[in-house]
Structure formats: structure tokens, C-alpha cells
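Got some structures for you, see below.
Across the two complexes that follow, subunit A remains constant while its partner is subunit B and subsequently subunit C.
And now, the complex of A and B:
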């Protein structure tokens, strides 16, 4: 008898609460824009925060609200941009995807050191101690602050120098913000010829502290047939607009600080 | 005799070898003037001064060579007489090179009157004392180099009832303050009285660790008959000379989080600062020299009265040179000293010592996993949980570290010293503190 009463009571309670919950769901229904979910599905999904919003969900919500630009997700690449633009009903202006490049070749083998650093492995800390372990004040310290920040595993350290894998890099720019020396720059992916040094010291000093420092000799400028190179502020700059990636400047550079154009498939 | 007071936690480094002070503590201070001095414009906390001399100028001792900039600014004075040979950036122990004026000493030691002497500290016009301190370019000489006149800027609603003179010198190896207290005890008391009169403070305490009984005796004798001045012996323990630890030990008051000593009605000055105040008030002499201990692996460890801006290489040369190949040179003692990349670094108003370590002493140690012994918790003078903070800092969890009060860390190094696993605790906390400050600045800027 007792069991029967309990069963009936439980069933009745279940029905009552079930009914209440159903009513509550109908009454307090929250309208969610289905576009948020769609935008979210096109994002890179790494929650890298490069867009400036708290993760991909935050970004998707901001896009739908019209606060964030449709091309805000850099890691997503072209497919993400097209997808989000379609959801939002706008046309995406095709921008060249960016990639992070290291503007330094000062590994331990070529760059002289001021002192031996054996503190905690952090570029920020090392940079604060007597100007950093490397004599060049523009050099990559190679202790891995950027590596720790990279959500895509695109960065590793080789002989105290940061190396970025362009195939894994999504151009989110987290490393650019983290670097205490501003050694990393975001450049258009197709521009593979660039000067890998920004030491503005006079040639004698620059050459003395690093074997691969740009000494502003101007040979690249003379060689360039497209007028794409200017030597300014103690080092050479290549104008990405005018450069045709012939690689002639790289061939004549006496310090090997211009990259040789990559052969892209 | 009052009890030997102290604070909770702390460590006692080098306790078997008299805190490393034995080689220099009995050596009287020697005067030393180098051939050239390189005077940094950014010796104090706050914006660096602007050089107001140029290459080729002839300057006299005490002449203003750097004009103050901003609220925390201080003037910089020439510490020798002679010709300005260079004005430009030089390497410092900091992140970026600092602007400096290099003067070639003509050894004439010609003074120029920059300040008006106020005479007897008990009778002089007390409203002129704080401006004199500022114009003499005095900043904290214990290490942090905070401009002293700013400490005296008592805001509306605040008051000061005690001035503590810090003669603890808890750092290892250093004996500069010890010698100063023995040789210039009356000057120190004069400086304290001037500071007390400037703010109408009734009580002045000179706090000294009990490993310097001769200094306690000398200061007692000097303080006899002086209004409101007393000497307080403290237990020998590091960081007894930390501002907050000293206030707790002497007055029993705790400085709350994110508050300053003035919020508990106390001002703390180093004994060296007090002596500099006396020089400025009584004689009208700006701060151009200080006592520095040069010790470690040098042939004759000494206490030198150096001119501000003397190169480390020069002071080491004056002490007979290195006794072996140096592995590391630090300005300051073993606990808070800053490493120098070379010996071509000029000494500032706050450098109370130069310690030379051998290569074996400076060898790198390897970090090993935490064994959860809890010793870091025991010794932390603030009462933080260093082992837990280290996990948060390693994971770059700024918010978590802030919630666990990493900002209250005074970077004394007690936890790193005691850690049997040799974990890099203190540098991690310093790095995290810097990161949090940077983030806050970024947010403010947006």
C-alpha cells in the first residue's frame, strides 16, 4: 500500500513540476539571434583573444550586434571572413592575410652577449636587467615570451632566437603584443622579402655587436631595379608595394640580412 | 633598555659569518675622488632631470647640472669641480641607457654656494627645511631612492607622529650605514631633529639591529639630551630594514595593503638620508658624496666615501683591484643587490655597496619542483603564500595572482633564499607585479 501511495505522489509531483517548467520556459523565453551561432561556427575557435573580445563567443556576439568588424577574426583566414560576411549579409573586402615575421637573426652564434643570463626564462625580465643579455638593443632575446603566448604552436626557439613557422601562424598578433623588444612584425603573407634587422646604430657599432646586423651600406638600394628600397634611420626598408620578390637585393647583401624569397607552391 | 623588537617571518642569511660584514665593519671610511665621474640624471625615482650643462663647460662642486622635472623631480649637482667632457646616454643597471653628465676632475674641489645654510637645526626657520631638502637633491639613500621631500608632503587629514631612522642595515656584506653611525652619529641626530622640526613631530626613533652594539652605543651617546630622540635595538633578521617591517617592529602598527607609511602616521628615513639632511640644513651642502662598502673578492675590502657618479671600476681599483676573476658584480648586498653587466657602471645616490662574487658563487642553479615544505610561507614577512603564487605566476594567471595579493610582495627575496628546491620565487613575483602594473596602465590609456 505504502509503495503505491509513494509512486502516485512522485508521479503527481513530477507532472506538476514538469508543467511549471514548461510554462516558465515559454514565458521567460530568451530570444537568441541564430546568427551568433553561425558566426561562431566560422571562427578559428582557439579563443586567442586577438580580436579584442573575450574568446570566440564574445566576438560572434559583438559581430552580430554590429560592434565588431566582420573581418575581426584574423586567425580564421579567408574562409572565415567570407562565411561571416555571408551570415551578416555584407560583402567582404578581400584583405591580404597577415603573418608574423621576426625582424632579427641575432642567434647566440652571431650576436655578442653582454652577460650570461641565468634568471627565470622570460624576455621581459631579462630585458629589464642592465639592458638585456644581448648587446644589441633591438635583438630578439629568445627566452620564449612569445612562444608561451602563441595559441597555435607556431613559435619555437632556436639558439636563443625566435623562429615562426609561417604555415602555422594565423597572424593573430598575440606575439607582437607580448614581445618587450618589438622584434615581431605583422607583414602581408605574400611579401616574403624583408630586411631582418632594425638596428639603427652606426655601422661600426652594429657590425661589432652582431654579424647579421644591417649596416646601412645601401648595396641593396643600388641593386634594386624597382626603386623599392630606402635606407633610413640606420637600416634598409623594403617598400612592400613596389617589391616584386626578385631577390636580387638578398643576393648582394654583405650581412645576409635580407630574406631570400620563398618558393610558394 | 627597551626590548629587541622585530616582525613576523624573515630569514638570517650568512649568520655563521657575521652576515658577511666582518671584512669591512672595523675599517674607517676613506675619502676617494676619482679622475672622472659620470653623474646619472635619473638617480631618483621619478622623471630623470634635464641636463643644464654642455660639453666643455667648467663646473664647480655643488653646481646644479640637472634641472628637476615634475613632482618627483630632483636637481642633480656636480660632485667634483672640473670640465664637462660628455653629456649623453650611458649603460646603467636598468633596462635602458640613462642620460648622464661626465666631468673630468681637476682636484681643485672648488665649491659654489647653491644653498643657503640655515645653521643650527634646533633654531633655524623650520619652514625652510623641506625646500632645502629638495634643493639639495636628497633622495632615500637606503636603496629605493624615493625623493625625500615627497615623503614630507603630508596631505590633508594625514599627520605624522613618529619619524623612524633606519639604521638596521639588514642586508648582507654592507657596512656603510654602520660606519656612518659610528663616525657621524651627531650629524645623524641633527638630521633627525631637522626632519622632526619640519613636521612638528614629537618622537624620533633610531632603529638599529643588535649585530652593531657599538653603533647602538654611539647613537645613544649622540642622542643624549636631544628632544624626543631615542634609540631602539632590533633583532638581527632580514628584511628588518624593510619599511613596513621596520614600522611594525618599532611601533607595532601594520601598514595596510596599498597604503603608505604616512597612513599609519610614520615616516621612515635611512640614517644616510638623515646625515645628508643635516649637511644640507646646517652647511647648505647638496648631496654629492656617500659612503659605499666595496667588498667580496677585492684585494682590500673598504668603506669609501665616494663622489656620486664614480665608476665601479674606479672604486674597485681604489680597493686594490679584483682578487680573482669576478663572476658577478652586484650593486647592493646579496639579497637585494642588482647585477651589473660590467664594471663600467656609475654609482648613484642610492648605491650603498658593491659586492664582487667569484664565478663559483655566481653559478646558475637549476629550478626543481616544489616539495611543499612550506618554509616560504613561514619566512614571508608579509604573510603571503609564495608557493601558491609561484604556480599562478607560472601559469600567467594575473587575476589569480592579484587575488592572492602578489602586489603586496616587497620582493625581499626571503622565500627564494630559504627554498630547498631553489625555485625562482621572487623574480617570478617581480615579473608578475610588473605585468599587472603594465596591464593597468594599458587599461587606463584606452
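And now, the complex of A and C:
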């Protein structure tokens, strides 16, 4: 009998409190802008913080308040941009999505090493020790600081070199900031032809320390029919605006440091 | 001793001598968690005061009107928790409506008041000490004010700690705990007061 009374009383107590809370919820109901939830649903949802706000929720709130730009979520890509623009009633300016590219091919096979590094596996640490384990001072150290930073699992290490999967990369730029050597650059996604070296040493030194270093010979510049290449500061640059992705420069490069990864792959 | 003196002494003892944090060691989680800035500490104190006052009132009513008449004192803990959880929910809704800035400042710690042992502690203490309704509510309000005093003092200390030179191994929580224990020793000095 006692147990029945106890059960009934506790249930009644629970019901009463539940009822009171329901009434309070009605009375103190707060209208939340439904657009916040909609904007939030279009975001990439990785809480990467690349937009500068604390997480996707913070970004969504800032967008609805008008503080953040509608194209603030880079990882979300075009669909996110269009979605948010639609929710906010503006038209999205079509910006080409970016993707992170590694400007180095100095794997263990081609780039000479200064010493064998057995320390803490961090590029930032290694870069500070006697100029880094690789002779080239522009080389990717391949110890994976960017990999640890990537929220999208787009980066892996292959033979002492960082490799970015363009299909997984969202162009948030977290790795670009993390790299102590500035080896990673954000480039427009469609620009698949780029020089994979930024060594500015003189040709002999560059060639000596890395088989795939740009030696600023200028053959690509001569070959290019669209005037898209300049050789400046000791290595070649391709003007993404003028480049038509013909790949002729890549074919003549004696050091194989221009590639068309996505077309050939 | 006349009535008013008794009540005054009771208040002083709640705040200082029987301080919830420094002599009963209840509610240490929010005490260490929300004592980074004086403002947030103060608002946490206000929220706890509100909840503890209401909790003392309602748990006393539940205990004396429902549990004792039906001989169900053994259900005290669970029914008190029910009351406290409902109260905290209510306070949360109320704050969300009336003061969104306070609501976001308290953040996760507001729902955590549910599991603040000081709140359940005050309810159980009221029962154990056989306080009447008035004393129960006084115990709740002034006990919570004692909590608020402690957390605000601690926040003041921690703000100073931010800019002081602290030996590397003691940085962060170790020095905070040392400060807390020193403050507890200081509060022990009030023991003879009431």
C-alpha cells in the first residue's frame, strides 16, 4: 500500500511541475528568428571558426543580425552561399570557390635533407632548428601541422610531403595560417595549372638541393601563347586570369614543377 | 535573547560562519567554474540566490504538506531534486525572456544549478535542523548570499591572479585551489562569531 501511495504521489508531483512548466513556457516564450536556424542548416557545420565567429551557431546569428557577410562560410561552398543568400533575401555574388594547394613537391626522394629529424613531430618546431631538416628553406616539412589543423580530413602526409585532397578541401584556409613555411596557398578551384615551387635561390643552388625546384629558366614563359607566365623573384608565376589550362608549359618544364593535377589524374 | 537578535544572528551565521562553500564545502563546482570574472560571478550568485530561496520555500512545503502527512520522508531526496529541477527550468525560461544577456553570460552554468549541491544541501539541511518555514527561507536566502559573497571574492582574487607572476607549475587551477583553501581558512576565523 505504501509503495502505491509513494508512486502515485511522485507521479502527481511530477505532473504538477510538468504542467506548471508548460504554462511558464507559453508565458515566457521567446520568439527566435527562424532564419537563424535556416542559415545554420546551410553552414558546413564543422565549427571550424574560419569565419571568425565562435562556431556555426555564432556565425548564423551574426548573419541574421547583418554583422557577418552572407558569403562568410567558405567551407560550405557554393550551395551554402546560395542557401544563405536566399534566406537573407540577397543575391549571392558568384565567387569562385577556393581550394588549398601545396606549393612544393619536395618529397624525400627529390629534396635533399640537412639532417635527420627525430624531434617532436611538428613543423613549427622543426622549422626553428637550424633552418629545418630540409635544405630548401621553402620546402614543406611534412610533419603534419596542417593535417592536425584540417577539420575536413583533406590532408594527409605522403613521403615527407603534405598532400591535399581537393575533393575534400573546403578552402577554409586553416592550414594556410598554420603552415610555418607558407607552403600552402588558396587558389581558385578551376585553376589547376600552377607552379609547385617557390624557391627563390639561384638556379644552381635550387637545383642542387631539390630535383623539382623551379630554376627560373623561363622555358614555360617562352612556350606560353597566352602571355600568362612571368618569371620573377627566382621562380615562375602563372597568372590565373590569363591561363587557359592548355598545359603546354607543364610539358616543357625541365624540372616538372608545373602540373595539371586534376586534368591528368 | 529576543527574536530579532536571534534572527540577525542566524543571518550572520548563514553568511559567514556556516558559509556554504568555505565551511560546508557545498557548491564548489560553480564556485570554481564561474569565478573568472566578477560580473559573471555576481550574476551566478544572483541566480543561485533566487533558486535557493525558492527551493527552500517549495521543498519545505513539499516536505510538510505532502511527505510528512503521508509518512514518505524517505522520498525527500528524490522529490527535492524534482522541485529543484523544475525551479531551475523555470528560472531559465524567465531569464531567457527577461534578460537575454544574463542568460547568455551564465550559459551552461544555469542548467548546472540543478546539480549544484548547495541547492539540494539547503533543502536537506532545513529538514535536518527542523527549521520552520520562515527560517528555511532565511537559510536559503542568506546561505545563497554567503555563496555569492564567496564566489565574488574569489572572482576578485582570480582577476588579480591573471596579471600576477605565478610560478609555472602553479598556473591555472592549482593556484586557484590554493587561494580557495586560504580563503576557507580565513572564514574559519568567523567560527566563534555566532
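For the reader, a short list of remarks on this structure follows.
Note that the second predicted complex is superposed on the first by the 231 of 265 C-alpha atoms of A that agree within 3 Å, B and C clash if a C-alpha of one lies under 4 Å from a C-alpha of the other, contacts with A are read in each partner's own complex, and residues count from 1 in each chain.
Here, contacts are C-beta pairs under 8 Å (C-beta built on N, C-alpha and C of every residue); 3 or more make two chains touch, one makes a residue touch a chain.
These numbers were taken from a predicted model, which means no experiment stands behind them.
Of the two partner chains, subunit B is the only one that A:148 touches; subunit C does not reach it. By the touch criterion stated above, A:6 is placed in contact with subunit C alone, subunit B being left untouched.
In the superposed model, A:17 makes contact with subunit C only, not with subunit B. By the touch criterion stated above, A:128 is placed in contact with subunit B alone, subunit C being left untouched.
By the touch criterion stated above, A:120 is placed in contact with subunit B alone, subunit C being left untouched. Legend: residue contacts after superposition of the two complexes on their common chain; A:251 is shown touching neither subunit B nor subunit C.
Taken together, the two complexes place no residue of subunit A in contact with both subunit B and subunit C.
Against subunit C, in their complex, subunit A makes its touches with residues 2, 5-6, 9-10, 13-14, 17-18, 20-21, 24-25, 28-30. Put simply, subunit A touches subunit B in their complex at residues 114-116, 118-120, 122, 124-125, 127-132, 137, 148. Of all residues in subunit B, only 91-97, 338-342, 345, 364, 396, 424, 427-428, 430-431, 434-435 touch subunit A in the complex they form. Those residues of subunit C lying in contact with subunit A across their complex are 62, 66, 70-72, 75, 78-79, 82-83, 86, 89-90, 93-94, 96-97, 100.
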